[in-house]
Amino acid sequence: MAYIPHTDEERRAMLAAIGVGRMEDLYEAVPAEVRFPDLDLPEAISEMEILQELQDLSEANLDTRHFASFLGAGAYNHFIPSAVDAILRRAEFYTAYTPYQPEISQGTLQAIFEYQSLICNLTGMEVSNASHYDGATALAEAVILALNHHRGARRKIVLSPAIHPHARQVVRTYMQGMEIEVVGGDRLENDSRALAGLIDDQTAMVAVQYPDFFGRVEDFTALGRAAHAAGALLCVSVNPLPLGLLKPPSAFDADVVVGEGQTLGIPLSFGGPYLGHFTTKKEFVRKMAGRLVGETLDSRGQRGFVLTLSTREQHIKREKATSNICTNVALMALASAVYLSVMGKQGVRRVAELCYHKAHYAAEKIGALPEYRIWNTGPFFHEFVVACPIPVAAINTALLDYQILGGYDLGQDYPELKNHMLLAVTEMNSREEIDALAAALAEVGHA
Amino acid sequence: MEFPADLKYTQSDEWVRLEGKVATLGITDFAQDQLSDIVFVEVVAGVGTALQKGKAVASVESVKAASEVYTPAGGKVIEVNEALSATPELVNSDPYGKAWMVKLELSDPAEVGGLMDAGAYRKHCEERSH
Amino acid sequence: MLEPLIYELSSPGRPGVPLPQPDVPPADLPKGLVRDDLPLPELSELDVIRHFTRLSQLNHGIDTGFYPLGSCTMKYNPKVNEDAARLPGFAFTHPLQAVETVQGNLALMHAVQEWLKEIGGFAGVSLQPAAGAHGELTGILILRAYHQSRGDTKRTRILIPDSAHGTNPASTAMSGLEVVELPSDARGNVDLQALRAACDETVAGLMLTNPNTLGLFEEHVREVVDQIHACGGLVYGDGANMNALLGIVRPGDLGIDVLHFNLHKTFSTPHGGGGPGSGPVGVSRHLVDFLPGPVVDVLEEGDEEEAPLYGLVMPKQSIGRVKAFHGHFGMLVRAYTYMRVMGKEGMRAIADHAVLNANYVRVRLKGLYPVPHDRICMHEFVAEGRWEDAPGVRALDVAKRLMDFGFHPPTNYFPLIVHEALMIEPTETESQATLDAFVEALRTIAEEAHSNPELLRTAPHNTRFGRLDEVKAAKDLVLCCKPI
């Protein structure tokens, strides 16, 4: 039996020491009529055989190594330096658990402290937690923070419709047990000005995304001022990689910055595990959910790190905790710390620039095609929306013959955007690939 | 363990010093001992706030626990101890003196009458320790 | 030598990973939205690799030594799982690709759903929740949605035993329901009298951990479940302790209505220093429509020639999404690999050896450490780290001294209902020799507690770091470093 080391002799000796005759005798407390079910599962197989089976399953997919991908919508195909996985495969990192015993967990603790520092410096915010499950759940926790901040007296949240549909759905799921009003996300036309108009003295928080779901970037300073004038918090959900080029959300006086950190050295992996980052101004640190690593000294005077402000958390505060979160995604936070370190200031800037320029080149080429129109009017980062002559699903099926994975069908989430495709371009897309995409779109775009 | 005779005590380990209509509140020696090293104190009721009996006046945190401090009587907050945010450890070293938390002008001083005296509170603490 | 912080190793102009030159003309940058400076470090690749490699060497992991952290199931993380997750078809597929282009992934997810249904005795499974606590929140929201759908809006209370993990009441509070704590009886079970008294038409459900956090199988589990069902409530099972139940009993067969699994505990996916985990949720037939979605379903049946066509479907009365995309797919690949390798017989063997190992350590500690409930346990048990005749020595000191012997300490101070608790969970992947060495270390520590308590109070001595000042960390809050 794989991974179970016992010999027959050892089993006998151990059962004797315990004072029972057979393994079955250990389960007297289990109701007899439902004990030892005959599970309908496949028979065990060897490691040698499982690898073949997995290979077959893996190959029953089309992947971004073999197809040029222009699919984004919240998860992106970026270059991941080999150094990242080399560190993630260090068993001392991935076979350890939560650093409750700091003396023998300084590796994890210092790495997380460095992650917290890097993310704060990238977003311009003052404190970060050790990670959330993903950007969507981080946004939901930001809403909870805002509600707690107002001690339950304000029960309205203003959400931009340009926040990722999944994130807005997760917020609604989390809020279903609390009597909270979530407004703004239902009308696509709700821009910053319209959102500001929805803020009143019942609003706990206003949330926007930067760049937004459609790739657009805008200055939220005015919206931030409107929120603060009404006593509400401003939350900005960001993709951190564009911050290599773009002004950080601290410039808008954001109170809470969350977002999806998959773009920092984490593979697509069919949707997860990803990385929810969560940063705030200093004053909100005690309301923050999730683990926090702080610096301290040990008994020998050495600098070290520990989990701190644990009194916010579930194991102490129980039902009064800031959140129920326990296990987060520490290994993904480590991945992003390694990515940011090995790419460094120059590399992160360069990747952001490559994404930006390549996307604008693509938009120009596609915009020049007679049957297609670029929907974005203002500045965008590395994603943009294309109005297509035929349904997006049909285009994408046709593009497969060109070894291309096309963009996201926005009609699924925004009825006004039927036949509109969200296209993402990253540093992984060469000029040749972009030219090929434009040519293919021209060919398949005939109604 | 100290139980000053001139104070009144609550079941939830707050002490009250009543001088005319003014009540001074803090947490007891037993409470600070249970919490161990205090790292953070936040007085949540500002000067001028009107509070009902049972409302929270402060939040106290150590590394292993966090507690709310409640007022046993209704009144208006007239003074708040600013020193506690910078030196929370005063709660451990001088819980009945320098670590007072708020002063209230009580709307009904008789509400304090029902609280435990030092002897009853000492017994209450002994019952809980083992 | 202290390992510097990443910013302390940075040097302006130091080249990192080379990137290609732009192959397109530059576009105008967005006015007013470009940042001035970028406070990230600059290091060579070697600097980064050395730094994180040296940091890793400061950690204790399962691969370096025994890790009997109760309630966390620190079993061996098979290396084949790591290779599996990195296969290109798994690692380089986008979650929003058309389903026809990711049939391999959907087939894998469907298999995991089916196997968890079978192992748990459930009619439906969602793989979306990202961790156990996330699964708990999902489960409580499902209970709530079920009652709401039947107009049963008075059910706003959840009963939770005092031995429960803190995530249980925290998840309940997040769902907007009220927590009612139930005492445990003298034998560590849910107190039946208290349960009966608390059951009425305002009860939405009970959260039950079985085996409980003392490592004991609930002796009246049938009565407990029947009592809740009789008053119209549902039973939520915390599946953190499933390692003792694989092939032994199916929670669904005991009447559990909804349960979360911890793939990073029971199903060998790695703990990662604090995640990523995965917390799939299984439900009985009447709750299937409320699962978070989408779930994987068969869109078109297959036959001998063709595989079925899999797709993503939103359950009819779903509580909604609990996460973006589909869940922690990378962890599902690892769990799939593990479940296939262990197979049908493997499930039972896991539980048998986990329970065997825990009982073996328990009996060998007789006379050395008090064990409050000293009877046959499941996969873990709780001992006390204190002695009447060794005052001043506490569980914390025992834990710190264990590190000097190369062991990760057991879980400390949980469950709250045992004083100076040490929760010991060996798992089935440890040999008798390792367990004997652990017992010998504990024996030595018990002796030291009486002969040389100061040694314990100042432990650890042989580790790279001594005890860390948690008071200072909380008072002088330093949560990040700025660039130099």
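In this document, chain identifiers A, B and C correspond to the written order of the chains, with residue numbering beginning at 1 in each.
As a convention for this text, a residue touches a chain if its C-beta (ideal position, glycine included) is under 8 Å from a C-beta of that chain, and two chains touch if they have at least 3 such contacts.
These numbers were taken from a predicted model, which means no experiment stands behind them.
Chemist: Suppose chain centres are the mean of their C-alpha atoms. Which chain sits farthest from chain C?
Modeler: So the farthest one, by centre of C-alpha atoms, is B.
Chemist: Once you count every C-beta pair in contact for both, which comes out on top, A-C or A-B?
Modeler: Between A-B and A-C, contacts are more numerous in A-C.
Chemist: Determine the centre-to-centre distance between chain B and chain C, using the mean Cα coordinates as centres, and give it in whole Å.
Modeler: 39
Chemist: So, what's the distance in Å between the C-alpha centres of chain C and chain A?
Modeler: About 20 Å separates the centre of chain A from that of chain C.
Chemist: Could you state the distance in Å from the CA-based centre of chain A to that of chain B?
Modeler: 44
Chemist: Taking each residue of chain C in turn, which ones touch at least two of the other chains?
Modeler: Within chain C, residues 470, 473-474 contact more than one other chain.
Chemist: In chain B, which residues are in touch with two or more of the other chains?
Modeler: 40, 61-63
Chemist: For chain A, what residues touch not just one other chain but two or more?
Modeler: 308, 316-317
Chemist: Tell me, which parts of chain A touch chain B in their complex?
Modeler: 286, 308, 310-312, 316-317
Chemist: Touching chain B in the complex: which residues of chain C?
Modeler: Residues 470-471, 473-475 of chain C touch chain B in their complex.
Chemist: Flag every residue of chain B that touches chain A in the complex, lowest number first.
Modeler: The touching residues are 40, 61-66.
Chemist: Can you name the residues of chain B that touch chain C in the complex?
Modeler: So the residues of chain B touching chain C come out as 37, 39-40, 61-63, 88-89.
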